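You will see two complexes here that share chain A, one where it goes with chain B and one where it goes with chain C.
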Partner chain A sequence: MKNNRLAYLLMLPALLVIAVTTVFPLLYSLVLSFRSWKLAYSSAPGPFVGLDNYAELLAGDSEFVASIATTLSFVAIDVLATCLIALGCALLLRRAGRVTSVARALLMLPFVMSPALIGISLRFFLNPEYGVIAASLGKLFPGLASLIWLAHPAWAMVALVISDVWHWAPYMTLILLGGLASVPKETEEAAAVDGASPLRIFVDITLPQLKPVVAVVILLKTVFALKAFDAVFALTDGGPGNATTTLAYLVYQIGFKYYDMGYAAAAGYVLTAVMLVLAGFYMRLAFKKGI
Partner chain B sequence: MSKPCNPGVMTSRLARIGGLIGVYAIIGCILLPILWIMLTSLKTPRDVYTLQLWFSPTWDNFRTVFAAPWHLGDKLANSLWVALGTVLVAIPLAVVAAYAFSRFRFPGRQALFVGIVASQFIPAAIVVLPYFLMFKQLGLLDTRSALVIVNLSIVLPYSIWMIKGFIDAVPVDIEESAMIDGASLGRIIATIVVPTALPGIITSAVFSFTLTWNEFIFALITSKQNAVTLPIALVALRTERGDLWELMAAAGMIIALPMFLLSMTVQKQFIKSLTQGSVR
Partner chain C sequence: MKQDRRAFLLSAAAMLGAGAGASVGLPLPAQAQPQTGGVAPGKPFKGVELNVLTVVAPQFRAHEARLAAFEELTGIRVKYQYVPFTSIRDKLTAEMVAENGDYDVVSVMDVWAPSLKNLLHPLNDGIRDKGIDMTRYPDAYLRASRNEAGYIGLPIRGHVQLLFYRKDVLADLKLAVPRTWGEVVTVSQAIQTGAGMPGIAMYYGKNAGQNLMVWFDFLWGRGGELLDARNQPVFQSPAGIAATQDYLDLMLKHKVTPAGSVSFNETDAVNSMAQGKCAMLPTWWWRYQGLTDGKSSTLSPEKVGFAPMPGYPGAATPSHTNLWLYGIDRHSKKKAAAMEFLAWLTQPAIEKSLLLDPAQHEIVSVQSANLADPAVNAISQGMHRMAGEVLKNARVLPLIPQWPVISDILDTAISKMALGTIPVKEGLDDAARKVRKLV
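Right, the complex of A and B next:
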């Protein structure tokens, strides 16, 4: 079909809405990031300060530097944990069967559950006095019995990872199951008949064919981890101290606790730049066969 | 009677049992936390602070959250209004735009589509600053319309992307023959494309609804009192007197259960769309 003018006409309403709701705010924040505007003192936009906000950030704002380190460690642990668990689940759920198909259907539940609710629930489960997970783990590993999870920097991070993995691993499992469905069973079966161990079959036959899907999963999870906000707010509030204050959370704090709009926009743009680079990688992977 | 076991059969049987245990572990990891919250929502405050499994269930928590000062009913109405409003605006626009992307080869098509997909990668924190300032100026802070506008920024690109995948899978032949018969494009979309891609469109609508329903950061920042949605009402139960767990559990069930039911209705379609790689 050729009529191009018609195509533009069809897209016009959607593109207008996207221009107003996404492109305009993005440009607005870019301009904002060159301004000094402390909303607590004045509701009128402050003066332009050029690159001062960025310079201040990169010249060693200790909170900013700390949040970068926190973000990197959160993303690394979270992506690794989610992908390994999702891969394990996908391999387990690959087989046909009544129980597996029930389990596959249940994978939808964590994904449609509000991350804020997941965060709140985990906070409850980890409560030192009456939290069910804290108590069970304390029974299993006496060393953990007196641990106050969310008061301890490293364990608070672990808790944050747990809530994020619980939310995302099932979704990633579904994507991996989709990838596994297109891996032909015959080669694997032939290798099994020849006496190859399940591990060898997985490493030498299954994994290489699954690589493109695994790459998509890693990339998507990285993006979602960088964006993570709701669970941080509901579970740790960035604490204890700033042990779980990721960059996305810091932008919110600068903007809506200190009301420093220009500085928040600059910090936000650092995050946005990282995301757009990742988006580029994603497009390459996802649209290899064309759009 | 079982046959005598050779080692190969033994290991494969062991592997099957191990696999089954693993599958049950997955089911447990998903269901147990949800069940615990469900039980907590039926407990009296005193029972919440014990780990006992046996207690006499009560609906009191649900009564409490719907009464003053929590008024969860109003928040529920806001959530419904915002989610429905967003979906009703987004899905028709997405269907026609997705149709254009799927069926036409116009200049700039690739760049536009890449831009639409890329917009999903933009962190909410960076768009929420200008939204806050703009809505403040326009007097739109704390209104449901403001929330519809911001949610469109997430939902519209996502549904264009998803619905395009579903329309791609619809064969073009019928449309072409209808066009030869002189049917208008509007007619073709309404009578051929939409009905054939309907399961996919419904799936996208359900997921857009879920995204909006669970949306947190925009609602946190732009609503204060009148437009508060359920997730924000949930975190508001962390009061100065401490966390009101039994009420949080009740509110949590009101947030989660409708989404569980809704997602089950489109589960097959959604999984299909994931496995075909149309949405990732």
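Right, the complex of A and C next:
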């Protein structure tokens, strides 16, 4: 009992910090989502409007609906690409050796870079006049030589996905490497002795044992992709038109450009609700498998 | 010894103030005389520390480097905090909501001021008490500095648009600098044929309203307007449609822009010209320094000329101008000291000292006296005199709280129309519908 009290006491400073920096803003913005607050007219929140903000969002805001569609397509492509590339890299780097050790260490570099910086750099690299990536791809694939990446809705989305995959795939690779390390080598070796091909071993032996980790990677990446903001801000500004305006970016626009704080809070909570459901899945998986 | 130094600084400031006033033939207001450039005698604010929240600009770094003189005169210490342009409005918003007066002086762009009015302290009384002669500023900047309650900031950094062009390319091809948008097309076509480079770098990509900056000139030049007296949209009028079509046709029909113009922002277009990829560029005057700086550009000052923005034949060519203001945070507890600082900082002589300082390469000026100053113009090859002329007919954007949203709606619409996927009329009508719903 005494030990428990001490444990809680030691946790108290951390809990206080979390309460002030996370719990309070969350609750305050929830309250705001039920109020009208046009910051351009008043620096104090306005009256309670019940569910009006949510009703307006879900009933008739075409920008909101479009941003949900954009977010879903971004999440689907981004998560799939990140997970496949991370899995491929993890399998390549699985074997011990000097080269793989160095490569594993280097994997952290993209992850520690700021997404905004990655976005700005990629914008530069994709410049049709002097962008090194645009020029290289044009040489490799002549069909892409005249492509102006950020001028076409689909290609701008591809550029956004490239920026996000480059940032996150290395981190996901490291998680998957951890998962692969826990797969018993004996089962794979036994299958090899029995004459199974490497592909068969991966599909029938390795992947089933790696499934819980892959599931966690997918869930984590989905949550991170839903929140994608920095790259949109730095790379496309939501354009061309509003082709890459994700929900997180729209929330920022409504709040900090349009100064409609109540409405922005409501839009933010729609996004939060989706992420809470996914986080619930993640927690269940994590506790179930003891990850 | 210290007394002597203070007396010297006071007299130097007095001479600077008097010199600036005399140079434009304007008598300094009576109240200003004993205050030595707005500085109250007797150091009444000695020991006060002011915090300035400002956007990043070399001009403000140069101000900061001159603060020792101000501190010596007044005993007021001033600390600057710089925020990049892309984040400054978010920071100002946070300050407005927090209402804690952490900053005393804040930099605000003119079009943001109406939506940030709860952040800004009215300055009329301070301007009167300090005897600041507001006629020292061009009318366009005065219009951008006030709302219905009076002045909400003092002009500190203002921009006019100019057409920059490659002197060497035009001279080789014996082409005259275009004065109308029609001439821009013909000159650009001649450049494309003769020099093998696109004629003019335009920027139609979506990026914080940058694709509207030149569009305003087309719109106003054609006789169109953004909003009517009741703030209802009228940019979709026949004149607005024709102007927008002209604006986009440089790329869509005449194809005289770099192919990348469809996604360019202003910086991309500047880089295009700086890297020798095109021959002309309509942009803000402060970009001249980057265009001719050997570190970032392939061009030298000898190769880059400047001219007023093109217009339409037989019509006045109203050009778009924008302005940064220095205002006082409504929740500041040191408003009087902040006003003292603003009065000192905004003296024409301070600005002139930056313009004449060879180490600064500063171009930006908001004071009529400095725009007409022979010494300043000798250094800038007459750019300031030209800017002064442009400002006589310059226009500012609607100063209403909804403008940032309207700007975003138009930004998106222009970006879509530039892709060629929707016709101009449809794009403008759709934007007008959204604006009507908003206002």
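Keep in mind that, in the parts below, the second predicted complex is superposed on the first by the 286 of 291 C-alpha atoms of A that agree within 3 Å, B and C clash if a C-alpha of one lies under 4 Å from a C-alpha of the other, contacts with A are read in each partner's own complex, and residues count from 1 in each chain.
The definition used in the following text is that a contact is a pair of C-beta atoms (placed from the backbone, for glycine too) under 8 Å apart; a residue touches a chain by one contact, two chains touch by 3 or more.
Quick caveat: nothing in here was measured; it's all calculated off a predicted structure.
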| item | value |
| --- | --- |
| Room on chain A for both chain B and chain C (clash or fit) | clash |
| First (chain B), second (chain C), both or neither touched by A:282 | first |
| Chain A: partner with more touched residues, chain B or chain C | B |
| Which superposed partner A:140 touches (first chain B, second chain C, both, neither) | neither |
| Contacts of A:268 with chain B and chain C, given as first, second, both or neither | first |
| Partner chain(s) touched by A:115 [first = chain B, second = chain C, both, neither] | first |
| Which superposed partner A:151 touches (first chain B, second chain C, both, neither) | second |
| Which superposed partner A:55 touches (first chain B, second chain C, both, neither) | neither |
| Touched partner set for A:76, first chain B, second chain C, both or neither | neither |
| Which of chain B and chain C A:258 touches, first, second, both or neither | second |
| Partner chain in contact with A:128 - chain B first, chain C second, else both or neither | second |
| Overlap of the chain B and chain C footprints on chain A, listed as residue numbers | 43, 129-130, 233, 256 |
| Residues on chain B engaged by chain A in the complex (per definition of touch) | 15, 19-20, 22-24, 26-27, 29-31, 33-34, 36-37, 40, 48-51, 89, 93-94, 96-97, 99-101, 103-104, 106-107, 109-110, 112-114, 116-134, 136, 149-150, 152-153, 156-157, 160, 179, 185, 210, 213-214, 216-217, 220-221, 230-231, 234-235, 238, 243, 245, 248-249, 252, 255-256, 259-260, 262-264, 267, 270-271, 274-277, 280 |
| Chain A - residues contacting chain C, complex | 39-43, 127-130, 146, 148-153, 233, 236-242, 253, 256-259 |
| In the complex, chain A residues that touch chain B | 1-4, 6-8, 10-11, 13-15, 17-18, 20-22, 24-26, 28-29, 32, 43, 88-89, 92-93, 95, 99-100, 102-117, 120-121, 123-125, 129-130, 132, 135, 166, 170, 174-175, 177-178, 181, 198, 216, 220, 223, 226-227, 229-230, 233-234, 248, 251-252, 255-256, 261, 264-265, 268-269, 271-272, 275-276, 278-280, 282-283, 286-287, 291 |
| Chain C to chain A touching residues, read off their complex | 86, 89-90, 93, 96-97, 99, 114-119, 205-208, 258-260, 262-263, 268, 271-272, 275, 277, 401-402, 404-405, 408, 412, 415-416, 418-419 |
